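In the two complexes below, chain A is the common chain; its partner is chain B in one and chain C in the other.
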Partner chain A sequence: MINYITVLLVLFPLLGSVIVAFIRGEQAKNIALGFSLIELAMAILAWTKFDYANPDSQFIYNQPWIESLGIHFKVGMDGISFLLVLLTTVLVPLIILSSFRKEFRKPHALYALILFMQTGLVGVFTSLDAFLFYVAWEAALIPIYFISAIWGGEDRIRVTFKFFVYTMFGSLFMLIGIIYLFIQTPGHSFDINQFYQVALDKGTQSWLFWCFFLAFAIKMPIFPFHTWQPDTYTSAPTVGTMLLSGIMLKMGIYGVMRWLLPVLPLGLMQWGQTALILSIIGVVYASIIAFTQKDIKRLIAYSSIAHVGLISAGIFALNVQGMQGAMIQMISHGINVVGLFFVVEIIFDRTKARESYLLGGIASKAPVLAATFLIILLGAVALPLTNGFVGEFLLLNSIYEYGVWYAIVAGLTIIFGAVYMLRMYGNVMFGKEGTASANFTDVIGAEKLVLYAICAMVIFFGFKPQYLLHISEASVNNLLEIIKLKMQ
Partner chain B sequence: MTEQLAWLIPVLPLIGFLINGLGYKKNPKGLVGLVGCATVLGSFILSILVFFDIKANGAKTIDLYEWISVGTLKIPFSFLIDQLTSIMLLIITGVGFLIHVYSTGYMHDDEGYGKYFAYLNLFVFFMLLLVLGSNYVIMFIGWEGVGLCSYLLIGFWFKKTEYANAAKKAFVMNRIGDLGFLIGIFMLFSTFGSISYADIFPQAQTASTAVLTTITLLLFVGAMGKSAQLPLYTWLPDAMAGPTPVSALIHAATMVTAGIYMIARSNILYVLSPISMAVVAGIGLATAIFAAVIALTQNDIKKVLAYSTVSQLGYMFLGLGVGAFTGAFFHVMTHAFFKALLFLGAGSVIHAMGGEQDMRQMGGLKKHLPITWFTMLMGTLAIAGIPPFSGFFSKDEILAHAFEVSPTIWAIGVGGALLTAFYMFRMFFLTFNGKFRGTEEQHHHLHESPASMTIPLIVLAVLSVFGGFVGVPEALHGSHLLNEYLSPVFGQSTQILNAAHHGHLSHETEYALMGASVLGVLISIFYAYTVYVRKEVVPAAETAPRSGLEKASYNKFYIDEIYNAVFTRPLDSLSQLFYRILDKSIIDGVVNGFGQLTQWSADKFRRIQTGYIGNYLFMMVVGIILILVFNFLF
Partner chain C sequence: MSSIIIIAITAIVVLYLGLYKVKSALLPVSVLGLLGAAASLVCVWDKNISYFNDMLVFNNYAIAFSILLIATTILIFLLSGNYFEKISSNVAEYYTILLFALSGGVVMVSFQNMSMLFIGIEILSVSMYIMAGIKKTDSASNEAALKYFLMGSFATGILLFGIALIYGATGSFNLVQIAGKASEQPLLFYAGVIFMLIAMTFKVGVAPFHFWTPDVYQGAPTLVSSFMSTVVKTAGFAAFLRLFGSAFTSVPAIWTVTLVVMVVLTLLIGNITAAFQQNVKRMLAYSSISHAGYMLIAILLLGQASPNAILIYSVAYSIASVASFGVMVAVKEQKGSDDLSAFNGLGRTNPVLAFVMTVALCSLGGIPLTAGFFGKFYIFGVAIAANYTWLIAIAVLMAAVGIYYYFKVIIAMYLRESENSESIQLSLAYKFVLIFCIMITILLGIAPALITNIL
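Up next is the complex of A and B:
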């Protein structure tokens, strides 16, 4: 069974999705939660069998799919993949649970789509075949499109349409790149190892770099490809926003690590610095915009652009601190941003307001929310002994090794982050009661459970980051060796 | 024993935090206070044991676990306990304990009692981590941690927006310094390949002076933030928004001493970089005078004390900068005693006055609060530098070293000391002498504080009076115990400094310097006495016209307003500019432009699809011809 664990992890949520789609009424969410918990249990099982020392993919499942085109259903997990699979399998049940108090129209459809999306996400993180990767990449987009378009807020159709077209636009370039590379492979195959064998000249790699980078940069998003993001995050239902920000954007970062850097190292030599600079611009730019956002959901959306920019910059710095920092920060950011959006949802649920000037004085009415919100927020501003610090420290260190001034500019994030986050916290939680928050009640039941789980992870991984760093260590070292070797 | 038990020193307050934090609604007040105080007392007792162990057996390293390990970057969670650390431990836990005890009385009627003690314990925990860490990153944990706790405690009464803002300001301003510290750590790592003290300091002399200067200046940026030096000091005076015992904790035992500790810890790096030493001394001296001038005209009793802290910290940096490491550290210690005493005393006054902090409403409190009065007198004499009170010895040591470097620095330093004596006695006389100026209701309410508050005052008063005797200079036929104890930490630096310049001061010169400064201070006190006791001058009301320097001082040289105009508001405007113009109009405009272009072109291309076979055939023929022509030509 353990040898099939990867393919099970990919397909099991799909099964769940089909079943949940036929369940009418309130039971849908419970069944969906059940499926996501079994999925989590499987991931934990895989963890117990995971070989930390092995840098290559493990639990590989490989079946011919469309043989005439050399397409295989090939999935497997190395340390990098596995960390992201863990993130996905941990967050999906939390995201489902976080929506328990809310009444949705057609709940079965919503929860079926969430599980369907999980298949796409796990597929992206485990695909070892470029075609399969592309299929999973698009498969993840379809459910989130519907989730946002059906259950979203104001202006959802226009915003979601734009998001869809924008990301499709990027993906098509990637498709061109994938097909081009496929033609260049010696054995005409989509297998990732064949892609790694392709040796192209610098000129070709340079334009191919943009084919892939555009798709990934839009997904993350990197400045200036980000303008779909704040609108989409704001108008999507919070479950959707959590899926987008907590997990989906990691597809872009993962894509860079798995498909861009090792396949196109000469393109990277040509454009890596540009990508790094764009990433750092995004860090500062988005932070500054976040200063004066009144809508707290939009504020967190912008903060996410800043955080992702730092991760991306760390990757393009091409050293082990950057890669490992990116890995752990992807996990931490996923956990923290889901927590932050959940808090926004809790507040909105009670007050029907997200504007900070309508809120205020919540801390004295809801001490549990105040405390848990603060802990998550401290993770987001990278206070030492929270999960956010480890990643941010490593990432800034990696950028420092790349160039001192880059690190100083990117380092502004630790000041700016504190400014906009504490400003938001102060406006919402402290001070006088806002007009909307007069009858605020503290969190209960499932809300508490989700918040406690998130806080526990924020603190635990702040104290013991090695649990996560160990998982990806061998694979990251291996990846860097491949890239450096091919760059020479 | 140190190896087995030292980890408990920070863990005990952490346990206290967890108990009071998790159970803050359920725990009865008695238990909360007991847990809060007992954990810190436990740490204090352990610190005493550790002190004697280190004294006998030298420094110890304790490895707990591997925290972060990536490539060659290894950050162990480990402690280094040497002489410097052991003294810091005693100050933090000792003074911290007294503040905890005092708080049981002061905060007794506050609804957030449990939360308060949880934060207080957390504060102590982070400060202990800061001094215990065996590398710069663990120090950084504590460094940022105390920043967090100050945020929580300054904003403790967060229902008032201005208090919450003061808390935010403290955190953000600290973070500005922290960025410098962080970059400094990165540079240390890339220079020395390690972030541990034990690896860095022995190699210090292998690095170039330019690199060391950059590193030390970056670290100093961190110290400026945490220890409230120019230009990053403005958070500290605002920090008095928190409960008064918190001010005592921040100003005396924890937080602000972190910057001094960091430089003292890195002494060898600083000694090897004369430019950094000069910068530290210069900033320190400038801050000492600047803050003292502001303190002259403040009417809020806590504000006077706050600015006096900024000023005294300036002296400590001056000491570090002129190579008086022991002296600076000595002043950390004595200052911890008398500043804790003064703040707690002020708290006692405020408590009696029913929350009033304006000294113009006080006066004549001597007979109502005899214990507070007497202990405050001891503290005021100590900070003013009257022999044989503790502040005299430590300040004298710094100034004597300053004289060795330059008599001008000494003269300016003494000038600041005169200002200190004046504003401190101004505060003291306005509070305790003359007639009561408050309301009838306040007058009726006046009472001495309970024993839980006065006993810590008495203990601190004793320390403020006698604490200086651990560092009596040779010139006064004393043996400098502190110097002796700390010599393993500063020994190498002292040697390098001695080799570089100047011999020792002669005893005669030292007597003359002491005499001059003491005489000046006495005159200063006498002047304050004349103005505020004999003539019973009461500072003018808020709205009264002020002129020139007095106006500038009263308004704290408008530094907050300047920062607001130069940083805060432009950044907010930039934020709106980025959001509305760049993001919404330009970048998104381009994106939408692409979309519209597609729609427009689709619209045009659609017209080609007419559905008439003839048209299609025509297009096909044109196409074939074009291909043929293309092939023919190329």
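Up next is the complex of A and C:
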């Protein structure tokens, strides 16, 4: 059983999706939650058997899929993959639970799409075959498009369509890159190990770098490929925003670590600095714009661009702190941003307002919400002893090693980030009572459960980050060795 | 060979059935005849039989494409249950003419001799001229027929001219012998090749010889358009590849530049014009031009993988086209229009129809896990292997444009509301065809190996 755990993790949500699609009425969400919890249980089971010292992929499942093209259904997890699989399996039940109080049109379709997307996400994080990776990559995109477009807010059709065409465009370029590399592999195969063995000259790697980087940069998103993101995050339903920001943008970062860096190290040598500078520009740019936002959902969307820019800069700095910082920050950011968007949803649900000047004085009416919101927010601004701190510290440290000025610019921006987040908190929670928030009621039931769970994780991983860092340590070191070796 | 005979006899029988007013027997007899023809083809698989001094050779290539043509025709017939009766009282004519056209198509994919190529193309084309104008009182249909006929005749003349020149250069109509003597009279030979190239690209609707396509597709009855965009196009490409792949490979390919320009033009014109269409039928017509562009890439880069690439592309494209045209006919019947707005709210009123259309459009757009993805995947693979990366960059850009306009329909179906909420009632055969097409599309999207290795 344990040897098949990866393929089970990939395919189980698909089964759930098919079943949920046929269930009419209110039961759909309960059954979807059940499936996601069983999935979580399986991931925890895998955790108990996971070998921390082994840098290579574990629980590999390999079946020929299209033999004539060397395409295999090959999945497995090393430390890097496993952390992200954990993130996905933890967040999906929380996201489903967070939507329990809301009434959706056609709930069965929504929950079926969420579970289908989970298959795509876990597939992306575990694929050891480039073709499978591409298929999973698209399989994660299509459900989130429909979730955002069908259940989204105003102007959703235009906004989500832009998002869809934009990301599709990027991934088609990645497809070219994958096919090109496939033709260069010694054994004509899509296997990741074969891809690692391809040695191309500098010029070829340099354009291939952009084929892949475009797809990943659009997904994350990195400046200047981010223009779809704020609109999409704002107009998507909150479940969609959580999936997008909590898990899906990690696909781009993971893609860089798994495929871009080790396969195209010479391309990286040529363009790595450009990518790093773009990432840091993104940090600064998004923070400045976030500062001026009145809509709190939009503000968090921009702060998310800033965070992801820092993560990406840490990866392109190519050192252990950067990689490990990126890993733990991906987890923390996933947890925190889901929490933040959930709080926005709670507020919007009660007041129908997201503008900070319409809100205010909520803290006195809803102390539980105020307290949990504060904890999540402190995690997001990286206060020491919250989960955000370790990752941000490691990332800044790695950028410092790469270049002092980069670190100064990025570091100042992070402080700046704390200012606008706390200012937003002050406006919404304290201050004069807003027109929209006069009859505010505190959180109850499932809402409480989700908020407590997120706060628990924020504090726990703030005190004990090593639980996460250990998982990816061996694999990250191994990855860096491969890259350094190929760069010489 | 027996398949051509069976199809022709079926056509004549159906004609007589029409004469004796046995309307209810038309469809069953046609379908049975076609199934018989397909079965007779399956029996000679791997046998490589040639007929009449190598006029026709039924190798696996010919058989695979013939079966595809026959299967597509059966699906279209099953969709046409009541469709033709509403347009005209002479229903038998439809079945007969389409069957004759199909027999022409089978000749086109199995020819080994230029004269058979010409005969096949003419049988197919003349039938289609008639079909385009079959709505005798409708001016759009008449215009379509006239346009198609005039331009098609020109192309036929050019084709004959090309065949004559090649005959002059090599002294033979046989493909193998032509290949052997191709370099003896280069000037004459190459002139002939260019003429044939122009004629063939006209027949498959490649830019800059595509002008007839949108008008003819829109003017003709929808199911006839679907026949044109699937059977006629597949037969055309199969013949094109057979001609260039076996007769012209022994000499340097001086036509490469011409073909590259055509590919780029076709991709640009087809996709960009389609993106601006508000009428779904016309959009599909332009998108069919763009698909011709993708398939042309495989012919441009003649290689071992080309036949497979063309086969899987045509299968994916034909099946998805039949499904999307089928949905369009159903929608038009109820709403009286095939504009984009007619599809509004279909996802709510007819979830099954909307789902079928979604999968079909995803396949046409080349989204993974549908057959269309592998069609594009193979074509891209052929081109990248031949180091035509820049061409593929254009093709990929255009594929993104394709996704844009296909998704406009999907958006209309799921995200926009319609005024009337009546659902569309469909006959059992109609539902069967649509579901069957979707199942094949998804099946080939997951396991393309079922057909990729047979050639």
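Basically, the second predicted complex is superposed on the first by the 488 of 488 C-alpha atoms of A that agree within 3 Å, B and C clash if a C-alpha of one lies under 4 Å from a C-alpha of the other, contacts with A are read in each partner's own complex, and residues count from 1 in each chain.
We adopt the following convention: a contact is a pair of C-beta atoms (placed from the backbone, for glycine too) under 8 Å apart; a residue touches a chain by one contact, two chains touch by 3 or more.
Owing to the predicted nature of the structure, the values given are computational and were not obtained by experimental measurement.
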- [ ] Assess the superposed three-chain arrangement around chain A: do chain B and chain C clash, or do they fit?
- [x] clash
- [ ] Could you say whether A:E138 touches chain B, chain C, both of them, or neither, answering first, second, both or neither?
- [x] second
- [ ] With the two complexes superposed on chain A, say which partner A:L86 touches: chain B (first), chain C (second), both, or neither.
- [x] neither
- [ ] Give one of first, second, both or neither to describe whether A:T292 is in contact with chain B, with chain C, with both, or with none.
- [x] first
- [ ] Using the touch definition from the top, say if A:I362 reaches chain B (first), chain C (second), both or neither.
- [x] neither
Task: Chain touching more of chain A, residue-wise (chain B, chain C) - done: B
- [ ] With the two complexes superposed on chain A, say which partner A:V165 touches: chain B (first), chain C (second), both, or neither.
- [x] both
Open item on the list: Show me the chain A residues, by the header's touch rule, that chain B contacts in one structure and chain C contacts in the other.
Closed with: 165, 169
- [ ] Over in the complex, which chain A residues touch chain C? Could you list them?
- [x] 65-69, 134-135, 138-139, 142, 146, 149-150, 156-157, 161, 164-165, 168-169, 172-173, 175-176, 179-180, 182-183
Open item on the list: Under the definition above, what is the set of chain A residues touching chain B in their complex?
Closed with: 162, 165-166, 169, 224, 226-228, 230, 285, 288-293, 319-321, 324-325, 361, 363-364, 367, 378, 383-385, 390, 393-394, 396-397, 400-401, 404, 407-408, 411-412, 414-415, 418-419, 422-423, 426, 429-432, 463, 465-466, 469, 473
- [ ] Please name which positions on chain C make contact with chain A in the complex.
- [x] 367-369, 377, 380-381, 384-385, 389, 392-393, 396-397, 399-400, 403-404, 407, 411, 414-416, 447-449, 452-453
TODO: Please give the residue numbers of chain B that touch chain A in the complex, ascending.
DONE: 25, 66-71, 73, 137, 140-141, 144-145, 148, 151, 155, 158-161, 164-165, 167-168, 171-172, 175-176, 178-179, 182-183, 186-187, 189-190, 571-572, 574-576, 578-579, 583, 587-588, 591-592, 594-595
